[in-house]
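The structures come next, written out as structure tokens.
Both complexes below contain chain A, partnered by chain B and then by chain C.
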Partner chain A sequence: MIMNLHKSEDVLAGIPRLRRNLALVMALGAITASIGAFVAPERAWPNILLASFYLLSLGLAGVLFIALQYVSNAGWSVAIRRAPEALAGILPIASLLMVITLLGIPSLYEWSHADAVSGNHLLQAKAGWLNVPFFVIRTILYLSVWFVFAFYLRKFSRQQDATGDVSLTRKNKKLSGGFLVVIALTFTLASMDWIMSLEPEWYSTIFGMYNLSGMLLNGLAAIAVVVIILRRTGPLRTVVTDSHLHDLGKLIFAFSTFWMYIWFSQYILIWYANIPEEVVYFVNREKGSWTIFAGLNVVFNWLIPFVVLLSQWSKKNEGLLLKVCVIIMIGHWIDLYWMILPPFLKTGPEVSLWEIGPFAGMIALFFLGTFKAFAQANPVPLKDPLLVESIHHHS
Partner chain B sequence: MAEVYSTLRTPLVLDNKSYSDITRDVCETLDHRPSTAWWAAFIVSFSLLVIGAVAIAYQIATGVGVWGLNNTIGWAFDITNFVFWIGIGHAGTLISAILFLFRQKWRTSVNRSAEAMTIFAVICAGIFPIIHTGRPWFAFWLIPYPNFRGPLWINFRSPLVWDMFAISCYFTISFVFWFTGLVPDLATLRDRATSKIKKKIYGFLSFGWDGSNRTWHRYEKVYLLLAGLATPLVVSVHTIVSWDFATSVIPGWHTTILPPYFVAGAVFSGFAMVLTLMLIVRRVLHFESYITLHHIEQMCKVIIATGGIVGLAYATELFVAYYSGNEYERFAFINRALGPYGWTYWIMVSCNILAPQLFWFKKLRRNVAVVFVVSIIINVGMWFERFVIIMTSLTRDFLPASWSAFTPTIIDIATLVGSFGLFFTLFLLFSRLLPMISIGEVKNVLHYANNGKGDKK
Partner chain C sequence: MSRRLLVNVFQSDQDILNATKAARENGYTIVDAYTPYAVHGLDKAMGIRPTRIGWICLGLGLLGAAAKLWFQIWTSAFDWPVNVGGKPLTSLPAFVPVTFEVTVLFAGVGTVVAFFLVSRLLPGKRPKVVYEGVTNDKFVLVLAEEDASFDVEKVEKLFAPFHMVKMEERVEED
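Up next, the complex of A and B:
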């Protein structure tokens, strides 16, 4: 039981060459994105935005998961908490990518062009919010607030490994409560800023909640993927039981359905009211071959997870859960692509080098960053007062 | 394998109770004749119910015109009350189903009463759409079936019809769920009944429960399945209620965040009502060992969480009204806050957003008096929330010439008062006929974090 629960540099020892291959993919992705930004800015920038937002969401979902566990006094999840903490560890690099994405503002946002605003009274009405300096300030503000919370939550958790001080749990509980308030407000605004304002005349109040639900679903899937890999390669082999996977599976099942619920709420209200300035959003997203993506979005994010994870045995089946999680992670790319790209590709989605490059590079970066962050701490929060419940957990 | 608890956990049952103590404490009140206080409460509630019944009888005899409605404002008190009561019901299902799925063991002390509250609240809510039909004896026309009226079918595209399906489904499942949970306790009542009639009635209702391993096993399976079914159902009910408004094109009604916002608001208001009721029950029936300060704290935390979602929704609506750049959207929200009914908006904000912030402090969460007062404030605030949403958008529609105002008539107010009378009458009857705490489930958590205490038999 006690063996292997201390810090080790080589968390991927069970999968030789993985690190080298990931590094290769990451480098290729970075090169493609950089070339694209100059050769085909209208195609590359939206995909860079997508990749940055996706990576940032994964990091945030890690923090959100930890915060939810703390405020709900959850015991079952403590043994796997270092995985979401590792996800939270990629926030700095993800924030850097988001800041780099700001260079693409002229290619991305119609409202950033003075001539577009001057001819459009709606954009003039919004200019107090949608203008480049304020947009940049807001972005930096969101990123720094998130980073501060992630930093201290991880710091206190690791400190506890050494001291075993129960007051650190209380400190993290308070931080978590604060984070939940902050993320609800800032992520709503951030998703509206970065994604909704790509079509600046369109608006939907549920948009923040929709992105939050997708972020959490994808984050849970990513946490499960990381946990399963670490269980296979060693560091968590003796700790993670089928009960932990069962509970992760239940949460994935629940939030997949929650995502579907929010998706449907937005769709039906806009479809039903049929107000031209609103409905144009879905009209554009069902045109031509965009329909295929519309369908795949629902199939990948909800239908497959719902059907497969309905039974108890499937949630406890490591291999099957891993496959469903990978499907969800692809599904989240489809979801974001379907939100971000239609203003740039009117006729239909195109899957080319500009799509694959940044996304594949970002995914490689995600795994490299997460495993690196994981190796910086003990694989399990050894002195957490709730660890005992997690070790003996039976779902 | 025995369950292992962290040292951080607090026991759910205090004062070294034994299994038989639990049965006795919960059932004792049913053994005696009702107290004077009960009779006083019952007479007051029943009188309010009579006032409501008279008002409804007068309204049905005279017509819906006796309400304060006019051409511009076609919905006001009636629908406000309907949404208010449906919302109250949601906490019961959250406690019984969703918290069960989340393994929140503290729910066992409050789920029985909360579920009863759900059923009574849905009954109160159901009255309003039915009397609003004007000719309630034709209310069954809402049900689609091959008929001789043409045949005339309902409009399946109308959210009002979906409401009918959602609420009747919700009532049915809530009742079945509640009753299923009651069966083992009814058997307990049967076994300790002294009079023949009581034994017969409780015996009939407990379906021949024998307490065997196999019976418990099946009971727990059914309970889990019902919890799984009730969870999406409770979300769908208030979602569909929100669609009554959000599918329209009225600024302030048509906003996509309404479904999750309404669901959170419903749970928020429902928890406030659970706290109001349970704090009284706890005091009067001496349930302090079962409904502990820890339980009250947990409920306060749910209020902070759901109230936070409601606050986020208020803020999002305001922000997007500005962001939309749409003059009608912007006007709808300026009118809400600063128009002739602005005072109702500020009541809503202070009751629902400001008051619950007190619950961030542990000291206040454990102060029964403070919690009781805040729970009532939230109840008031959530009634006003529905009133604000429904009313203010209607008073100022697209055509300034048809702008109007709403003043409730005495009949409007009497009907609202009557619904409270009905609710409390039913709840008081429940407190005399059935165990208010789930005996079987509390016994299950007796040893939780008790470290060997409470093992005496």
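Up next, the complex of A and C:
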């Protein structure tokens, strides 16, 4: 069983044409974003923010998945753990993108302009938190804390491949517990800083939870996509069974419904109370053709996954699960677009070069980076004490 | 009508799993298997088709949703219209939480009740333990002796590699 589970080549190295095309899309995306930042800053920066946040969420979801598995002492996922570890490996480049996004603060955030603040009592009251230096410090703080956790979780996991030391599992369990507390606090604050403060007069206390649920849902979908590709191209062919897919499918199904639950929880309180300063958020997002995005958001992130993944056989069906996961990953883009862009495009969504460029480039970067990170370690944690349980897992 | 049964007792989950597979491959009729805990893969080995209780769950959930939605619309818009904050009388968002809860209630409780009915686990039912050790450390596979050609010795030979502890013929009276 364990024979060909040792260090593998980058799966993309076996498909040079795909790798070249991905690199091309990435380069074109980067060029589009750079030109856009000067030619049409009001259009390009929100989309650069979206792409950076999306990529960062994928990396974080990888760490979060690993942490959840360690904390719950889960055995089933050990054989596929190198996939989320590879996702966690894109955190550095995603953090770099987020730092670059900071250059767009003047185009993105109303509160960064002194003249806008001086005439606005609410913004003055919030200036202690929403000011450029503190904003930059917080961003760097979030990114560094996440990186440290991701770095050590991956490091200990790989170290175990060589030593087989069980105490490394215990170390990772402690780290994971800490990470769960830290991510709940920091990701809440980070999503409020980066996205909610785009409309600095609006607030929603569930906003962090909402973003956390979307991040985890999208991350689970991405992990499933990566696992299925690795199963089809070879490195995990003998390892991943229908039972693993079944469990991934169950998690995706559950978190899709959780996302919907949180979406509605935010909606109904604001809808019921009908207070102008709160309700303006949904009023702006249901205007004109924004309604279409509002509907697609729910259909892509919940309705399709819920209906398709309701039965057991569909969760075990590799091709079907892959399709649903791709739909969720598009759905998460719609979700973020619907959150980020309305303050900039009052009349309705527009899909142009400024939207497609950064997002396509980021997706290409995601696959290039993830598979490169995956190839840096053994395809499965060879000496994890729970590996045997995972390989013989039966859902 | 009565039927003759052959009760086979094993010592481990792996043994009963292999014995069940062998029995099915050789065309014996498997009445049931009794184990102290859930043995993974046993349902497949026995050739049981997937449960249809999920459809009952879905149907009851939809029934709960429809019934509660209708009830809320009827009470708040027709039977006793109340203006809440100037919102339309039939405001669907306001009805969603309760509709959701009742969907879950109908689907959840209904599925449990349906399960008890289907498996005839009604109140007052007396336990029928097929073999004493089955609640502790023994695994029991029951075969039906369908006709005169059923040969106990053949079965004994078939199960020989699986460390059978005991084999017993019984007649079940209805």
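Of note:
Following the convention adopted for this analysis, the second predicted complex is superposed on the first by the 389 of 395 C-alpha atoms of A that agree within 3 Å, B and C clash if a C-alpha of one lies under 4 Å from a C-alpha of the other, contacts with A are read in each partner's own complex, and residues count from 1 in each chain.
Convention: a contact is a pair of C-beta atoms (placed from the backbone, for glycine too) under 8 Å apart; a residue touches a chain by one contact, two chains touch by 3 or more.
Every value quoted in this text rests on a predicted model; they were computed, and no experiment measured them.
Partners chain B and chain C clash in the overlay (superposition on chain A).
Once the two complexes are overlaid on the shared chain, A:305 sits clear of chain B and of chain C alike.
In the superposition on chain A, contact is made by A:181 with chain B only, not with chain C. When both complexes are overlaid on chain A, the residue A:249 reaches neither chain B nor chain C. Once the two complexes are overlaid on the shared chain, A:46 sits clear of chain B and of chain C alike. Looking at the shared chain after the overlay, A:219 reaches neither chain B nor chain C. Of the two partner chains placed by superposition, A:89 touches none, neither chain B nor chain C. When the two complexes are overlaid on their common chain A, residue A:272 makes contact with chain B and with chain C alike.
Of the two partner chains placed by superposition, A:104 touches none, neither chain B nor chain C. Comparing which residues of chain A touch chain B with which touch chain C, the overlap comprises 268, 272, 394. The touching residues of chain C, when paired with chain A in their complex, are 40-41, 50, 54, 58, 85, 87, 93-94, 96-97. In the complex of the two chains, the chain A residues touching chain C come out as 264, 267-268, 271-272, 274, 310-312, 394.
Chain contact summary for the complex, chain A toward chain B: residues 71-73, 75, 121-123, 125-126, 129, 166, 169, 177, 180-181, 184-185, 188-189, 192, 201, 203-209, 250, 257, 261-262, 265-266, 268-270, 272-273, 275, 277, 385-389, 391-392, 394. Residues of chain B that touch chain A in their complex: 1, 3-8, 101-102, 232, 235, 239, 243, 246-249, 254-260, 301, 308-309, 312-313, 315-317, 319-320, 322-326, 360.
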